[in-house]
Each structure stands twice: as C-alpha cells, then as structure tokens.
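What follows is a set of structures for review.
In what follows, chain A forms one complex with chain B and a second complex with chain C.
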Partner chain A sequence: MPFTETALRDEYAAAVEQFSGRTLDAVRDGGGAAVPVGTTGPDVATDLDGPARRPLLAAARVLGANLLAPQLLVGAPPDEATAALLAEARRALPVPTAGTEAGALAIAWQDWAARCVLAATPHPDTGAAAPPPPAPPGPADLGWQVWSVRMAQLSVLALPGLDGAVHDAARAHTLDLARGTVRAMLRRDPTTAVRLARWLAWAQADGRPVRLEVEPVLDRIGFVGDGTARSGLELAVARALLTRAPWKGAQR
Partner chain B sequence: MTDTQVLATAQQLGSRALAWLHTGQLGGFDRIEDNTIIDLADPNDVYKPLCEAALAASLILRDGVTGAHDARLARELLEASWAQLRCGDLLYERQLRHVTVIDPLETYAHFARVGYRHPAMDELLESLGRLRSVHAVEIPGNRQLALANARRIAGLSPAPDWPALAQATWLGALSEPWTIAWVIGYHVTHTVFHLTDWGARPECLPEPMHAYLRDWLPVWLDVWLETEQWDLAGELLIVDSCIGEPVTGRVGWDALAAVQQPDGLIPRDGATPLSYDDPEDTFREHEHTAVVGVVAATVALSRALGGAPVAA
Partner chain C sequence: MLTQFQTETASASRSATLAEAGTLASLMVEDEAVVSDAPTYLPEAAGAVLLAGLLLASPKPPKEKPAR
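Our next item is the complex of A and B:
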C-alpha cells in the first residue's frame, strides 16, 4: 500500500538522519561513539530495545563503514557497541539490490568497506576473508563526468585504513576528482560535491597533489549544502581528513 | 595533435557560419546609416557587430588556413565593413572626439592587422598614446588587455606591462574555478584572446594561467554545453585553441555542429534559434555566435597547422 510504504520509507530516512547526526557529533568530538551504550534517555541505545529497532538496523546498514569513521579518523580502536550494531545489521538485513550493474558494483564496494572496518573488531563478518569486488571502470572508460559521480557514490571508502582498487583510482585521478567537484558545484549539486571533496581530502591526506583547494569548497558547501546530517557527516569527515598529516601506513 | 575529425568539423562549421555572416551583411544587414555621427547613439546597435564581423574576417586573412572561396568571402566582408566605416574616417573622427574611448582603436586594429591603414588615425593614436590619461582609464582587467592588444597590433609604443595586466584579471588571480559565472566566462575568454592575440601568441599566456585553463576548461565547457549556451561554449573552444594543445576534445565541436542550421546560423543559446518577424532582428540575435564560430574554426585550424600567422 502506498501510504504504508511511504511511512516506512520516511521512518527509515529519519533513522538514517538520526544516526548520521550522532556519528557527525562523534566526528566533531574527535572520536566518540555513534552508539552511546549505557546512557539513558531518548537515544539510540534505548531505542534499540524498542519497536524502532528495525529502522535503526536499516540505518546502520545504510551508513556502513561511516559509523566507525569517528574512531578511524583519529586512529582509535573501533567503538565496540557501534561495531556490534553494524555487524547485527549486516546479519539481519540483506545486501540491497541494485537495478544496474554499476549500481551493484557500488553496493559491493560499500559492503566491502563495512566488512573491512568490522574485520578489526570483535565482530568480523563470516565473509571477512572474501576477495574484494572487481575494480570499477576508470575515467578513461567512462569519461571524468560519469566516473566522478560514481566515485561520489563510493565516498564511504574515503577513510583511513581502507585501501583497494578504488583508492588506487582516486590516487591516480585526482584531477578528475577535482573536475567532478567543480562540475557538481557549478551544477548546484552540493551532495555530490561534498562526497567528491571528501575524496580530494582523502587524496591530500594520502600525500597526493590535489589541483583544487579543498578548504574553500568545504566552506562553501557549509553554506549551500542540503542541510541534512548525512551530508553534514560527509563534510565533517572531509574536514577531519584535511587536518591529518599524510598518515603512516596508507602511503605507498 | 588535434583529432582530424575535430578539424573537419571545425572547418565545416566555420565555413558555413562565414557564409551565413556574409549573406546577411552583404545582403544589407548591419548598415551604418549615412547620417550616423561619431557619437553613435547606440554603439552596440550596428557598429559593434560590424566590427566583430571584421575581426572574424581579419583572422581568416591573417591565418591563411581557409580555402580560396572562404578567403574571398572574408575579403569582401572586410572591404564592405571598411567602406561602411568610410575607409576609417568614422573611426578617426570618433577617436579624435573621444580621447579615452577604446573602441575606435580596437576596431582599427582588426583592419590594421591585415593591412588597412588610415595615416591620420595612426598619427592620432601615436599622439594620444603619449598622454598619461589614455593609460590610466579605469576599465576592467580584460578590457585593459583589449586596449593593450589593439595597441600592439597597431604597432604603437610604449609596450605595456603585460604580466601586471594579466595578473589584474579574474583569470590571472587563478580564481576558485567553481565560482565562475556566465559573465565571468566571457571575461576569461577575452583575457585569453587579447593576451594571445587570438591564438597567434600562445606563449604570451603566463604559465600558471595556462595550467589553470587546462585543468578547468573541460568542466566549464561541459557545464555550458549542458545549459545550451552555444555562444559561450564556442568562445571556450577558441580559448582551447589559443592556449596550445587543446584539452576538450571533440565534444564541443560536435555539439555546435549539431545545432548549426542548414543555412549556417548557430543559435546563441537553446535547442532552436530564437527567431523574429524581421529577418534582420534574427540576424542580429545570432550574429555574435556566427563570429564566434568563424573565429573558433580559424584559430583551431591555424594552431593545428603550426600556428604561424602569415602576412596578409
């Protein structure tokens, strides 16, 4: 029934916003937990035992590796309660389906990111040892416009500690990432722009030359962004990446 | 090396735009009335488009990369425009009356570059060039470059401080590329046109500006093709040729060729050309874009063939 579906979708979207907001606060606090276990009041931990559990699990699945960004960005151990929730969400809910091959590949890489961050916790996936998905096509095949939009869909991978074929592509094509960012800004698409700016910040932290000054882009998005906590989280992660020196271990 | 398919597309686009321009102008559009006086009630009405057509024709003759037919059309356009300007008298009188106005010199340069001279105008310009006032007129950076390039073409001294002039533009500041707006797009293109003298001197573009344009031209072209701003997209293609090895490929050329009408008209913007009851109004609406098309093709072909301008 349309009304029911709409209500459910709204409920899930609200949960994603709520979780994004908590993770955003944690990033700003410099490494706190997205799931503050042990606290009381109308927070996620309490809700988890109530009827709103399923939307929250769905939200955890949507946010994936981003849930552990607060710790990854400061080099702290992943928050255990958050990791437990993410692991449970991945067990309870199926991998989303995609309508296209490119969409399926994007989901596979997002899933890979979640698997990777959980591998370092007491809650690894049963499929933790599975090989990574195939490398997505690069800008030479797709053109920088389409490629950069696909990279924006993979912004959750732009985190310390994750490294793979997608990261190699980001390292090799920083100009295309920058062009994609500028294009998104000019097309008044701050949602795509902030995700690409996050990749640029990641590349800069990785020690790659970046042809676009990222800070002014982030400042601008701070004013003209879509105002959602989810985009705010992308912005905060990008800012946190920028403040890092090139990190040890991720350099090649 | 520019893709030969790009050159073929450019050649056809430019040739058809030139034919359209020639048909309109020699067919009676863009006439300066006999009773026109030097103060020009509205310089943008006929005078400016006439001068822009002269620019396109002069570049065809300067670069010498078109066939004999197009070279003849270009020569006829120039002859007709020069005649309308009363062999330069109108420019001379306007410059004589208005010491600090730039457009007579700028227009004169289009003719001077291919050998049309007006001795009294030369004498006047030399004299005016000795005035501090002429060099201190408060105009935007890209217009300062227009003045400097016109003086360079006309062979006037002293030489300006080119690096300082280049620096004092939006492009020279290497501005954040996502802050460009439609009108700034034209400031950028004209900064490049004047610094490089319409592609004849690519080495005169400072290296940081060169690198900056290679990075961001593809983005700007993409955005203005998507919004169907053919006139500005065409100017960006000129820039791409002016800076050396082009970076935007064939996408812009294919898009402009696709919207060009069978008679050679290139719409200023939009999927279909804006049309008026009076054919002269329609001509005026799209005239600038035809000039852009001719110049884009001429500079692209000239640069691909080595870029050495020939004496006209």
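Our next item is the complex of A and C:
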C-alpha cells in the first residue's frame, strides 16, 4: 500500500472538493465565477504562493474544463480569473502520466477539453492548434459495459462548445450510454451513474434519442448520490444541459 | 518500519513530482466503484437445482408449542 501518497492524495482531493463546491455554486447562480476576482484569504487561496497554492493548482488541473462550465452553459464569455488559474495549472502541472493506455487516453482528452475552453479566453495554450488525441475505442471493440465506464471518465467533455470524436461516439451510442447508466444505478455506483447521465443530458440537448428518461434518473441520483460537491457539480451540469438546451453551434 | 509511514505533502517546486503526477492521474481518471455487479441471469442454471436450493434455503414453518 503506498502510504507515502495518501497524505498528498487527501490534500488534493480536499482541494478538488472545495473547488467543485465553488464551481457548483457558480452553476447554480447561472454563470458566476468559480474564482471570485479580488477575493483573498486562505479559503480561496488565489493569492497564495508556494506549497499553499499547489493544491489549488492541482484542483484546477483535475477539474479542467468543468471550471468554466458555469459560463459555457449559459453562453457567457469565460470568466477571466478562472481561466487564468486554469492556464497556470496547466503550465505548472503537465499532463500526468497514467498507468494504463486507456487512462492516458482519457487524460489526453480531458486535457484537450481544457485546451479548447481556454482557446476562447485571453489565456490560450501555446499548443492550442495541436491535433486532438486519437479517437477512443467504441462499444463494438470494448463492449458497452467497459465503454460506458470510459465515457464516464470523460464526462468533463459533455459541455457546450466542445465537439470531437468522443462526442460523435456519444451521439452514435446513446443506447449504450443508457445501459451504462442503468447498470451503474443497479451497482449502486452513483458517481459513475451521474457522469453517464450527464452524457445522456448532453445527447438529449443535442437532439438525439436517449432511450431513457434522464430527469427521473437525475432525481434519483440526487437522493442516493454520494453527497460530494464533485458529484453535485456533475448533477448540476446535467440538469443545466437539460434545462438550458438551446445551445447550438458547437465548434470542432 | 516507521519509514513506511512517511508522508508526502504538496511540493513547492514548479514542476510536478512523480507522486504528484500519480495523484493527479488517479483523481482525473476514477474507475467505477468496486461493488458487486448487478445480478446476472444465468439461463444455463438447471431449474431443478435452483428449486432444490430454494427449498433448502427457505425457513421452516413454525411449529405449534405443546399445550401444558
């Protein structure tokens, strides 16, 4: 058991949870900023340097494009302070290497999403013109069970303004997404379920038949979910995708 | 050994350490929860075996206590 990494993981997970809560509040407010401009103090820690700032950057790295979800969901311009923090996190913490090929591909797509949302801000990445990662294998190669779990790991991509090979797969396999959602609910795994329900909400907003009523699933997850702010953010984004559906014009 | 309980905290350096990269990867790519899978229908299971198992597992009917 890797005892040496436990404290670091707990520290970063707590930062992710705190930042998720701020982003969740911003989504509920209808487009507010996850990082309030000019706010200081240890609670926000935007003005800290050194080790105290590191967990904040790590949280921004983990949440990625989700940080700008409050604005993307209402079609507002990205919040500049949040975008600056995300850009700094991407500079300070390069793309982490995963232990498996599938994990590395998932991280590459999450990084692509962060790069895309930053492209519309004053903090574009230097590699913004880099090609997207290769398309992940589909349900025909993996089976719908494994594929749906991989899609749950890519739920951050289910945002307005993002479009790529992963989104094409989601459009083409809504039935497998629905199966994966139901399977996760039966397994009592609300974290995976809410991430897949977010994809279903995205597909429904995109005008695809999703073969499953998403609203009751979201209501159920709201009751039996794990109660974390990170899952709450997924739930809020899914609800926003359903209720604020008339977003179109996604750019590849 | 006490050394195995050494803890690692956030680094002050600009570049990510190996432990940091591993932690970030595990937070960015979370696998599904390790719980028992949904019940699977097994049509190859013999009905007689299933019936016998259910009969054996079913509770015995209550017995009437002898009147004193």
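Simple rule for what comes next: the second predicted complex is superposed on the first by the 231 of 252 C-alpha atoms of A that agree within 3 Å, B and C clash if a C-alpha of one lies under 4 Å from a C-alpha of the other, contacts with A are read in each partner's own complex, and residues count from 1 in each chain.
In this text, a contact is a pair of C-beta atoms (placed from the backbone, for glycine too) under 8 Å apart; a residue touches a chain by one contact, two chains touch by 3 or more.
Keep in mind that this is a model prediction, so the values were computed, not measured.
Superposition of the two structures on chain A leads chain B and chain C into a clash.
With both structures placed on the common chain, the touch criterion links A:R183 to chain B and to chain C.
In the superposition on chain A, contact is made by A:P55 with chain C only, not with chain B. Contacts of A:A130 after superposition on the shared chain: neither chain B nor chain C is touched. By the touch criterion defined above, A:V224 reaches neither chain B nor chain C. Contacts of A:A140 after superposition on the shared chain: neither chain B nor chain C is touched. In the superposition on chain A, contact of A:P96 is made with chain C only, not with chain B. Residue contacts after overlaying the shared chain place A:L175 against chain B, while chain C stays out of touching range.
In the superposition on chain A, A:E213 contacts chain B only, with no contact to chain C. A count of residues in chain A touched by chain B and by chain C gives the higher number to C.
Of the candidate stretches 188-196, 242-250 or 278-286 in chain B, only 278-286 runs into chain C once the two complexes are overlaid on chain A.
When the two complexes are superposed on chain A, the residues of chain A that touch both chain B and chain C are 183, 186-187.
Of all residues in chain A, those touching chain C in their complex are 3-9, 11-13, 16, 50-52, 54-55, 58, 61-62, 64, 92-94, 96-99, 103, 106-107, 110, 149, 152-153, 183-184, 186-189, 191-192. Listed in rising order, the residues of chain A touching chain B in the complex are 144-145, 175, 178-179, 181-183, 185-187, 211-213, 216-217, 220. Chain contact summary for the complex, chain B toward chain A: residues 176-178, 180, 215-216, 218-220, 222-223, 226. For chain C in complex with chain A, the touching residues are 4-12, 14-16, 19-33, 35-38.
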